[in-house]
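Below you'll find a set of structures to go through.
Okay, so chain A shows up in both of these, paired with chain B first and chain C after.
Up next, the complex of A and B:
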């Protein structure tokens, strides 16, 4: 917005930014700080912030006591990577087809994809649970990967569809005139220049799978538990060991938060614009 | 390639490329949705691992109308969604305006926006359970130090207060994304418009009222619909912070469907609640899609 730069205006904007910064950062800061504090320091009234109150002991204890956390991290990694890979392998060609070829029914298919992506998990959870029980896929990583496709595949198709639409069609026309097959065009021309959006979409799908809780809760028991489940159980069992609880939570969120910060530009662009553009 | 045209070849490729995705989506989304609808019309009994169903029409839905926990969940959800959407979109717009101002364009604030979004909802819930802890929580400590409260408050101790705390936590988590969405909308407004208005002597409020708001109308509508949809998705926070308590004060529809099905094993009535959530979401999703349609949106200026 333009206007005469008044001192009062500048001050109120800086104040607003300060409040916003504090409001957003304070809980996260407390997560990290309290994960580094001793139990007695945390339970003192008011909390004891002297240098001697700080320790790495919580992290050591969590690693030693919760074997489940290591298994959870491994499960989350395997499930998130597999889901993302399958969603991209199936979703990218589908998104290209929807963007480029005037296929009969592609309009309704797109709308269906967009709509399904918005429903709460409970809408499909009950039959999903019954089917998975019949197939013996309860408490298996394969079962989770299949179920996670139900929200990742639609979002991958929707975001990539927008990107493919934005690529000028001229290059592909030229290649077709030179006799390239459609598959060659997709593989040798479209895919190479679409690497950045595909990567951004992959990051997004990875984060969504890593953080998912609801399906993990109803479909896993022990072997296939992912990190969010381990954290919630840990918080139930050790809810009075505050520092360790926060250490476990910090360890669970750090990989994803770091990834999100590094790739924030592509995530923001891909996702926010994908949501307001048709 | 004699006999078929380039167009036909491309179509064949297109169908082949699309087919696997359509098959998967039908299998893991369309089928469960249909099955859920079907289950809700049956009395379902789990006996020794086997499922026994008998058709009872709309009886599961009719029973909901007389069910106190369902009524409570409806009013909780309505309160929660209305407050959340108003707060998130209102505050999100404020944040977006701040960040669109030259003073707010530093990369630091962009990093700040992405963090709450990336934090796993469960970890977020565990963190806030600690912040809101009635004996040792930092919120009580700070408010006491500032002299704002005399005695430590049990934040999750009464139904109304617990629901408002859930609201606070979810608003905290949701603002960044909506702010990003609105920021993307703000940046599409041509700066020419502001220059012209400034030359005409419009003050900051008038610029906001007559340029920003009208240009942002579609984006705002999208933000409102999406946030409403997402408020119906809330589960992790309820599960970790309150499990629906105290006295069912934080049971939202989504959580009620989970509890009916997976805790009480009332599969038919759980499916009925799930379908109520489904129809609400469906109406909102249709509204969202209409907003995206080129015919339904106003081009800025």
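Up next, the complex of A and C:
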């Protein structure tokens, strides 16, 4: 056990955390503040922070173009939920199989799964576009789900694989002696005790899909546009409507932030549990 | 009830042989312990009997039927694991009833059977608790209850007491023994604790480096170990092994260690003199501190209540004597000792096998 840090140590930890907190939160605070400011006040040098510069007009304007934002939100929700659901439904059993069964080539399989994370999206963007257009999946939510799965599924498998490895094998052996089949062991023993990491992984996959911009830009036109794309359209050719863009962005990130705040303890527990379990 | 047989069973992981030529017959209703140091392969043997590990070669039979390819459930065995392996998300009642739930037994029947077992193991007030809310001893009883509720043909125990404190461990030994007497179910128990093995078992199988070194009753194992390994493994403190040779000379006949001659009866000397280099094994209870004998100095006195173990330094090294009660001997004190020639053991120095001396010598 390490002793308690000294007063100076504690102070420097607090200072470090303070700087980190400011670094992380300042853009978000600026996002919210600027979403409440008039365009002139925002673009003035220096920005005009007088009370009269603040307005809810940006939100009203965004609401007026609700069709685009509403469609974007619906698309994002459908794509993110579907991606998350499929990634977990496929990834969890795959991770369990890789963790527990002595499969031929499971080492190389894991390495390949990791390798998919090692190159930037731009590398596969053009081949992905060609494949999707041949399949007739350009500007479709299904196309986006398939593409998002290609990077979410490996992450899900990797995170859960580590956790499943940490589950004491005795539990599964006990269940086998009790008469459970492999599927029953997975369903009745492994899944219920893995709820925190599965939940944390689900949130992670959801946020990844919700925030994704690059592939959505390439693979969608109008119908399947997700929220990040809708927001970007507030930047026009001749003028960028900053206030409205920020208002739309605030509305888009709010669900994710709320989810993260509500479930922060489960998320923390999920990601740390696998590390300490013996 | 079941007879369990292992016939020429091997377990290999790649080129590594974990268990070699295991032959063991556990009779119906018998309580047999697999005893060995950690890593000797005893748990692997148990896992193979349970059906949790495949057998590389050989046969495992239950009631005469080869079960090599049957699942643990089909073998009708129940197992208590070293870390109890209780399902952490289920209550005590759900843990015990899990196996019945898998067999689609009605809820009322499950409740009834779980209730009976809980009553037997004094778990009734704990039925609604989660494993994390139980003490080690209570978790242990739940694990036993989970095994019992099945009414299996064979019980398998994998070091079930190793996580308990000393007092509870001794109490649980008696409880398991009582349970076995009451239920009469064939039981195979794994432990590295020789005292536990001797106190609980009908017979003990000593496992060493993946082989069964000796199978016998606790008395046979203690009094007539087949090898130096078994002799050293059984008994606490360990048996002392003295390096020397059989001599027949004008000064007397016996076993000479350095300048010291331990006198032995003539027929015993006759029986041993054709053997090669020997080691003489003496257990602490057969070392007698006396008025006359070999000179020694008291090195350490370890009182354990009903007796004290006194380590003596003498010409041949160190030797431990068991004296009754709390010894008043002090470190550094000069004493003399003899060994009881009736209870000596002799081992072939090269092979480590005990030399069987004809009865009555």
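Operating definition for what follows: the second predicted complex is superposed on the first by the 225 of 278 C-alpha atoms of A that agree within 3 Å, B and C clash if a C-alpha of one lies under 4 Å from a C-alpha of the other, contacts with A are read in each partner's own complex, and residues count from 1 in each chain.
The rule we apply is simple: a residue touches a chain if its C-beta (ideal position, glycine included) is under 8 Å from a C-beta of that chain, and two chains touch if they have at least 3 such contacts.
Model, not experiment: these values are computed from the prediction.
Colleague: Could you look at A:192 and tell me whether it touches chain B, chain C, both or neither (first, second, both, neither)?
Modeller: A:192 contacts chain C only, not chain B.
Colleague: Pick one for A:22: touches chain B only (first), chain C only (second), both, or neither.
Modeller: neither
Colleague: Using the superposition on chain A described above, determine whether A:257 touches chain B (first), chain C (second), both, or neither.
Modeller: A:257 contacts chain B only, not chain C.
Colleague: See if chain A has more residues touched by chain B or by chain C, and give me that chain.
Modeller: The partner making contact with more of chain A's residues is B.
Colleague: In the overlaid three-chain picture, which partner chain does A:184 touch, first (chain B) or second (chain C), both, or neither?
Modeller: Only chain C; A:184 stays clear of chain B.
Colleague: Tell me the contact category for A:174 with respect to chain B and chain C: first, second, both or neither.
Modeller: second
Colleague: According to the stated criteria, A:56 is in contact with first (chain B), second (chain C), both, or neither; which is it?
Modeller: neither
Colleague: Could you tell me if A:217 is touching chain B, chain C, both of them or neither one (first, second, both, neither)?
Modeller: A:217 contacts chain B only, not chain C.
Colleague: Starting from the residues of chain A touching chain B, keep only those that also touch chain C in the other complex, and list them.
Modeller: Residues common to the chain A contacts of chain C and of chain B are 176, listed in rising order.
Colleague: Under the definition above, what is the set of chain A residues touching chain B in their complex?
Modeller: Chain A reaches chain B through residues 1-3, 9-10, 13-14, 16-17, 20-21, 23-25, 27-28, 30-31, 34, 42-43, 45-47, 90-91, 93-94, 96-98, 100-101, 103, 106, 109, 111-116, 118-131, 133, 146-147, 149-150, 153-154, 157, 176, 181-183, 186, 207, 210-211, 213-214, 217-218, 227-229, 231-232, 235, 239, 242, 245-246, 249, 252-253, 256-257, 259-261, 264, 267-268, 272-273, 275-278.
Colleague: Which of the residues in chain C end up touching chain A in this complex?
Modeller: Interface residues on the chain C side: 47, 50-52, 71-73, 77-79, 81-83, 85-89, 98-99, 102-103, 146, 150.
Colleague: Quick one: which bits of chain A touch chain C in the complex? Just the residue numbers, please.
Modeller: 168, 170-171, 173-180, 184, 188-189, 192-193
Colleague: Going by the contact rule set out above, which residues of chain B touch chain A in the complex?
Modeller: 6, 9-11, 13-15, 17-18, 20-22, 24-25, 28-29, 31-33, 35-36, 39, 49, 51, 94-95, 97-98, 100-101, 103-104, 108-123, 125-131, 133, 135-136, 138, 141, 144-145, 172, 175-177, 180-181, 183-185, 191, 194-195, 197-198, 203-204, 207-208, 212, 218-219, 222, 226, 229, 232-233, 235-236, 239-240, 254, 257-258, 261-262, 267, 270-271, 274-275, 277-278, 281-282, 284-286, 288-289, 292-294, 297
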